[in-house]
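Shared between the two complexes below is subunit A, which pairs with subunit B and subunit C, respectively.
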Partner chain A sequence: MQKLLGDKKAIFLFVFPTFLVFTIIIILPIFFSGYYSLLEWDGFSNGKFIGFGNYVDLFVNNTDGFTKGVKNSIVLAIVSVGIQLPLSLLLALILARGVKFEKLYRTVYFIPVIISTVVIGQLWMKIYHPNYGMLNIILNKIGLGFLANEWLGNTQTALGAVFVALLWQYVGYHMLLMYASAKSISTEIYEAAKIDGANEPTLALKITIPLMKPILRVCVVFSVIGSFKAFDLIYVLTNGGPLHATEVPTTIMYTSIFAKYQYGYGSAMAIFIIVECLVATVIIQRMFGKDPVN
Partner chain B sequence: MESNVMTVPQMNPKSKFNLKKAGKVLLSLALAAYAIIQVYPLFWLLLFSFKDNNEIFGGNVLGLPEIWRWSNYTSALTTGDVGIYFINSIIVTAVTILLSSVMLAATSYAIVRMYWKLNNLFLTYFLIGLMVPIHATLLPLFVILRNMHMLNTYWSLIIPYVAFALPMGIFILTGFLNSIPRELEEAACIDGCSIYKIFGKIIIPLLRPALATVAIFTYMNTWNELMFANTFINSEKLKTLTVGIMSLAGQHTTDWGPIGAGLVIATIPTLLIYVLLSDQVQKSLIVGSVKG
Partner chain C sequence: MKRVTKMIVSTLLAASLAVGLSACGNSSGTNSSSGGKNNNTAPKEEKITLSFWGISTAEPEKSEMEKIIKEWNDNNPNIQIEYSGTENNAYKTKIKTAIAAGEAPDIMYSWTGGFAQPFVEAGKILNLDEYLTDETKDQMLPGALDNITYDGKVYGITYGQMAGALYVNTELFDQYQVKIPTTFSELMTAVDTFNQNGVKPMITGMKDLWPGMWIYDMIALRESGSQLSLDALNGKASFTDPAFVNAADKIQQLVNAGAFGNGILGMTQDEAEAEFNQGKVAMLFGGNWMASKMESDSSMVKGKIKAVRFPASEDGKGDPTEYVGGGSDAMLVSADTKYKEQAVKAATYLAKAQAEQGYLSGINLPTWKYDSLDQSQINPLAKEIMDNIITGAVGSVPVWDIYLNGADAKTHQDLVAEVFANQITPEQFGAQMQDKVNGN
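This part shows the complex of A and B:
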C-alpha cells in the first residue's frame, strides 16, 4: 500500500493537469491584469508603460463616471445589507421554528436563485415595460395608476428598479443559508428557554440570532462583495443606462475594455474591484469578531 | 390547583389563545404573500410565453392566454435559434462537469491519500482560487484565447469553466475524503490492484454523493454564466443559452411570445433538476457558500 500510494508517476498524473489548468486560467491572469493596469494599451498595438496613470485617471482626473459607479455599488451594498438580509433573516427564523408547509415555502423562495440571471433580467424588463409591463398594469388595476412609470427608462427610477430585481433574486439564497444555520440549533435550548417564559421574538433575539453569527457574517460578506461585483443583471437590464444612471464598476469596466478598447484602463478597474472586495471582506470579518467557541 | 393560581379574569386564557391563533394566521398569510412575490413573476412569464402581441397589447396582460400558442415555442426553437443555443449549453455544461469531476477527484485523492511532501501546499494553492472573481481574469483570458486562436470554440468556454469549478470541488472532495475510512482501499490493495484501479473502481464510487454535490454546483455556474460566454463567443452557431437569449431578445424586442418561450425553454432543465432534487440542490448551494 505504502508503495502504491507513493507512486510518483501516479501523483503527477493526478495533480499536474489540474495544476496546469488552474494556474493558467486563474492565477496567471491576476498577474496579467495587474501588469496590464500599468499600461496604456488598446489591445492591438504595443502597450506603453505609464505606471499608475490609469489609477490616477480612475479617481483623480476621472471623466467616465467611475466614481459614480463605485458610489452606486456602495449604495447597492447598503441596500442589500439593510433590506435584503433582514428580510431573509425574518423568513428564515419563521420557517426554522416550524410552520405549516415549511418545506414548500423554503423550496419556493429559493426558485429565483437557481434561474439564470439573463432570464431573470429579461423577465424584469417585461415586468417594468411602460405600457404592458406587469407592474404598471397592476398599479393601474389597484388604483395607483399615478405611480406608473417608465421604470428602467427614467433616470430617477432606473437604479432603484435594477436594485429591486437584484434583491428579489437573492433573498431566497440568504434565507436558505440562514435557515440551515437556525435549523441546526438544538431544540433543547428552546425548550429550556420556553419553560422560563420566553416568547418567540425573545427567543430569536437572545438565542437564535447570536448563535447564527458565523452564517450572518458569511451573508454580509456575500451581499457586500456581490454588490461590488454585480454585473449580469445590470448588464441585461440597462447596461448602465439611461444616461449612465445605473453604471457600476463592472459595467464601466466592460464598456472600457470591449467597446472603447482601453485595455490598460479597464484592467485598472478590474484590479480595483478585487482589492475593494478583499478589503471589504477583511473589514467585515473584523467587525464581526471571533466566532463564539462551540 | 391551577384555578387557584389564576387570579386573573377568566376571559384571559381564551383571548390569549385567540391572539396566538390570529398571530399564526397572519404569519401564514405573510409567508404566502411572499411566496407569491417570488413566484408570480415566473408564472406570468409562463403565461405570456403562450400569448401573441395582439392579445397582450389588446389588454390581456395578466390573464390566462385565450389560446395556448405552442407555436411560440416552435418559432423560438427554430427561427429564434434557441434549439441551437440549448444544444450548445448542454455540450458545454456536460463536458465541463465531466472533465472537472475527473480532474478534481483525482487531485483530491492524491492530496488526501497519497504520500508526497507538497500535498498541503498544493491544497492551499488550489483553495486560493475560491477567492478569485472572474472579472479579474476576463481580459487576460480573452487575450490568451485570442492569441491561441481559440475564441469562438467550445473550448474557450469549457476550459475556463473547468478551471473555476476546480477550487470548490477540491474543497468539498478533500473534506469528504478525510471523513471516509481507508480500510476499503487497503482491502482492495491486498488483491494487488493498481493505483488507477483503486481510484476508478473504489474511490470514484465512494465519492459519488460528494461528486453529485459538486456537479450540481458546477451545473448552476456553467449553465447560467454570462460574462465569459458573452465575451469569448460571438459566432451565432456556438452561442450558449445566456448569450443566445440576449440576442434573441435584442432582435425581437417587440415579440413577447417567442421571447417568453425562449426564456422558459432556457429555464426548464434547471427547474427539472430542482423539482427532482430540491434538497440536494439546496444542500449544494449551502456547501458552496464557502466561496467568497
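This part shows the complex of A and C:
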C-alpha cells in the first residue's frame, strides 16, 4: 500500500479519468456560469458585459424577492440541523442498540430516500389537499376542525408545509449514515462501560455520540448544503407560490432563466449558491474542529 | 498532510453537490440533445431526415401526431420526418436550451407572440416570406399569421388558435333556475344564487397562475376594447387607464362574493378542471382545449356543457363579441437547417394536418379553412366555440402572457395573482403593471 501511494504514475492513472470527467462536467460549467453572471444575456442573442451589475441587482436593487428566498433557505437549513438531524440521531441510536425488527425499521425509514421526489411531492400534495387531504380529514375527525387549512395554498402555512415534507424525505438518509457509524463502534467499549455502571442514556451521550463525530459533521454539511440547494420538492409542491411565499434561491433562479429569459442574472444566482455552499462547508468544518485521533 | 487532503476532498465533494443543481442552468456548454444531429450529413439528392420537436406526448394527441407523420413519411420516401415529443412545460425549457446551444431541430413547435420573439430576434428562426406561396396562404383563415409576424416578416406557420370561453354547466343552471349570464351584474347574481344553494359558482387553478390571468385578461378586454388592450400591451397606452383598474376591481368583486370558493391559490388547473368535470361547479372560464376533456367519455358533464361568450361589462368600452385568444400554435423552421425548402414544405404539411386533426378532436381551433371537414365529426363544444365565439367577433387579443415577453409575462401573472389574493388594490395593480411592464 505504501509503495502504491508513493508511485506517482499509479496515482495519476487512477485519479486522472475521474478528474477529467469532474473538470468537464463540474468545474468548467462553474467557470462558464461565472462568466455568464457578468453578462446581461437572454440566452440567445449576444450578451452585454455589465460587470457585477447582476450581483448588485441581487442584493442591493433587488426586486424579485431573492433576499427573501435566501432567508427562507437559511431558515430551512436551521430547521434541518435543529429538527431533522436530532430526529435521525435518535432513530439511529435506538436502532443501533438493537430493537426488535431492526432491519425492518431501517428499511422503512429509508424508503422516502429511494422514492422519486416527484412521487413524494404528489403524495404530500394529496395529504395537504384542502378538500380530501388526509391531514384535514384527520383534524376534522378528532374535533380539531378549526385547524383545518388550505395548507399549500395559504401564504401563512405553505412554507411550513413544504419544510415538513422536505425534512421527512431525508430523515432516513441521515439516519442510515449515523446508524452505520454507530454500528461500527466496538461492543467491548460498551461492555466495559456497563460494568462501570453506565446506563443507556450515558452510553449514548458519553460513548456513541462522541465517537460518531466525523459522521455527524458530514451529516450537518449535507443537511445545510441540501437546504441551500433544495429545489425539486419545492418545485413540485408549490413552485415557489402561493404569491412567492415559498421561494428559495433555486426556484427564483429557475424562473429567472427559463420563464424570464434572464440567463446572466440567473447565473449570478447559481454562482451565489455555489459560494454560499462552499463558505458554509468551511465554517462547519471549522466548528467541528479536529478529528478525534483514530 | 492527511487531514488537509481529507478537507480538500470533502470540500470538493460539497462543491460537486452544490453544483449538481446549477448544472441545469449551464447545460448549454455540455448539452447533448438529440436534435440537429441529422444535419451533419451533406445535402444530397438522396434520402434526408428532418428532425421535428413537438409537445404531443399525451393521448389522443400523441397517436394522432404519429398518424400525421406516418402519412407524410409514406408519401415522401426521400424526406423522412423524425418526431420527438416532450411534455409541455419541459418543452419550454428544452427548446430554449437547444436554441441557445445551436442544436435546434429542423422543425419545431412554438407558441407565437412573446415566446418565439427572442428566438426570432436572435436570428435562429428562418424567415418564411420567400417560401410561403399565395396558394398556401389562401388556405388559411384571415389573420392566421398575425401573431407570428415580427417587423412585417413571417417566421412560422400557425395551425391552432386559442379562444377563451365561459363553460356553463346547464344542468346546474336549470336546477337552480339561474339565467346564463350575459352581463357582469347577471354573473354576480348567478354567483350569489349558486352560493346560497351550496354550489361552487366558479373555479380556477391559481397555483398555475395563468388560469386567473385568463380571467383578468378577458374582463380587461370587456372593459377596454381590443384596441386599448393592444395599445397598452405595446406601450402606447397606460395600464393605469380606468379600464384596467376596473377589471382588477371586478376580479376582486368576484373573489369577495365567494365566486371561486376557498382554496384557489393552492389548486392546479388540472384539479380545477377535474372538479368541474365532476359536475360540482357551475362555471369555468378557460381555453377551448378544455372542451375535449369535458366531452370525453369519462366526463360526468358530457353533453351538459355550453360554451358561451364571457358576460359583457355594462360600463365597459369593449364590444361583447371580442375574445381572448388568437393564433397561438405554430411550426417554426430553424435558420440553421440544411434543407430549408424541404423543411418549410414539411412544416406547412404538419401545420395543415394538425389544424384539421386538432379541430376534429377538440384540442385546437383551426387557423386553416375547415370547410372540407366532416362537420358531424367535430367535437360539439369546439364547434360551439368556433360558431358562437369566434365567428362574428369584431376583434381578439392574445392572452397577455403570450403577447408579452418572458419577464413581463411573469410579472403580469404575479400581479394578477396578488389581485386575486386581495394583496394589492386595483389602483396599485394598474400602477405596478405600468411601472414594471411599460416602464422599462
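In the analysis below, the second predicted complex is superposed on the first by the 270 of 294 C-alpha atoms of A that agree within 3 Å, B and C clash if a C-alpha of one lies under 4 Å from a C-alpha of the other, contacts with A are read in each partner's own complex, and residues count from 1 in each chain.
Quick note on the criterion: a residue touches a chain if its C-beta (ideal position, glycine included) is under 8 Å from a C-beta of that chain, and two chains touch if they have at least 3 such contacts.
Small disclaimer: the values here were computed from a predicted structure and weren't measured.
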item: Three-chain arrangement built on subunit A, subunit B and subunit C clash or fit; value: clash
item: Which of subunit B and subunit C A:V108 touches, first, second, both or neither; value: first
item: First (subunit B), second (subunit C), both or neither touched by A:L85; value: neither
item: More subunit A residues in contact [subunit B versus subunit C]; value: B
item: Partner chain in contact with A:Q122 - subunit B first, subunit C second, else both or neither; value: first
item: First (subunit B), second (subunit C), both or neither touched by A:L211; value: neither
item: Touched partner set for A:M178, first subunit B, second subunit C, both or neither; value: neither
item: Partner chain in contact with A:L38 - subunit B first, subunit C second, else both or neither; value: neither
item: First (subunit B), second (subunit C), both or neither touched by A:V221; value: both
item: Partner chain(s) touched by A:V99 [first = subunit B, second = subunit C, both, neither]; value: first
item: Subunit B versus subunit C as contact partner of A:I25, first or second or both or neither; value: both
item: From 8-16, 62-70, 116-124 or 134-142, the subunit B stretch with C-alpha clashes against subunit C; value: 134-142
item: Contacts on subunit A seen with subunit B and repeated with subunit C across the two complexes; value: 22, 24-26, 28-30, 32-33, 36, 43, 131, 218, 221-222, 225, 229, 231, 250, 253-254, 257-258, 263, 266-267, 270-271, 273-274, 277-278, 281
item: Parts of subunit C lying in touch with subunit A, wherever the complex brings them together; value: 3, 6-7, 10-12, 14-23, 25-30, 92-93, 96, 99-100, 118-119, 121-124, 206-207, 209, 262-267, 405-407, 409-410, 414, 417-418, 421, 423
item: Complex contacts: residues of subunit A adjacent to subunit B; value: 1-2, 4-8, 10-11, 13-15, 17-19, 21-22, 24-30, 32-33, 36, 43, 91, 94-95, 99-101, 105-119, 122-127, 131-134, 137-138, 141, 168, 171-173, 176-177, 180, 218, 221-222, 225, 229, 231-232, 235-236, 250, 253-254, 257-258, 263, 266-267, 270-271, 273-274, 277-278, 281
item: Subunit C-touching residues of subunit A, taken from the complex the two chains share; value: 22, 24-26, 28-30, 32-33, 36, 42-45, 128, 130-131, 150-155, 158, 218, 221-222, 225-226, 228-229, 231, 238-239, 241-244, 250, 253-255, 257-263, 266-267, 270-271, 273-274, 277-278, 281-282, 285, 290-291
item: Subunit B to subunit A touching residues, read off their complex; value: 24, 27-28, 31, 34-35, 37-39, 41-42, 44-45, 48, 56-57, 61-62, 103-104, 106-107, 109-111, 113-116, 122, 125-126, 128-129, 131-133, 135-141, 143-144, 159-160, 162-164, 166-167, 170, 185-186, 189, 194-196, 198-199, 220, 223-224, 226-227, 230-231, 241-243, 245-246, 249, 256, 259-260, 263, 266-267, 270-271, 274, 278, 281-282, 285-286, 289, 292
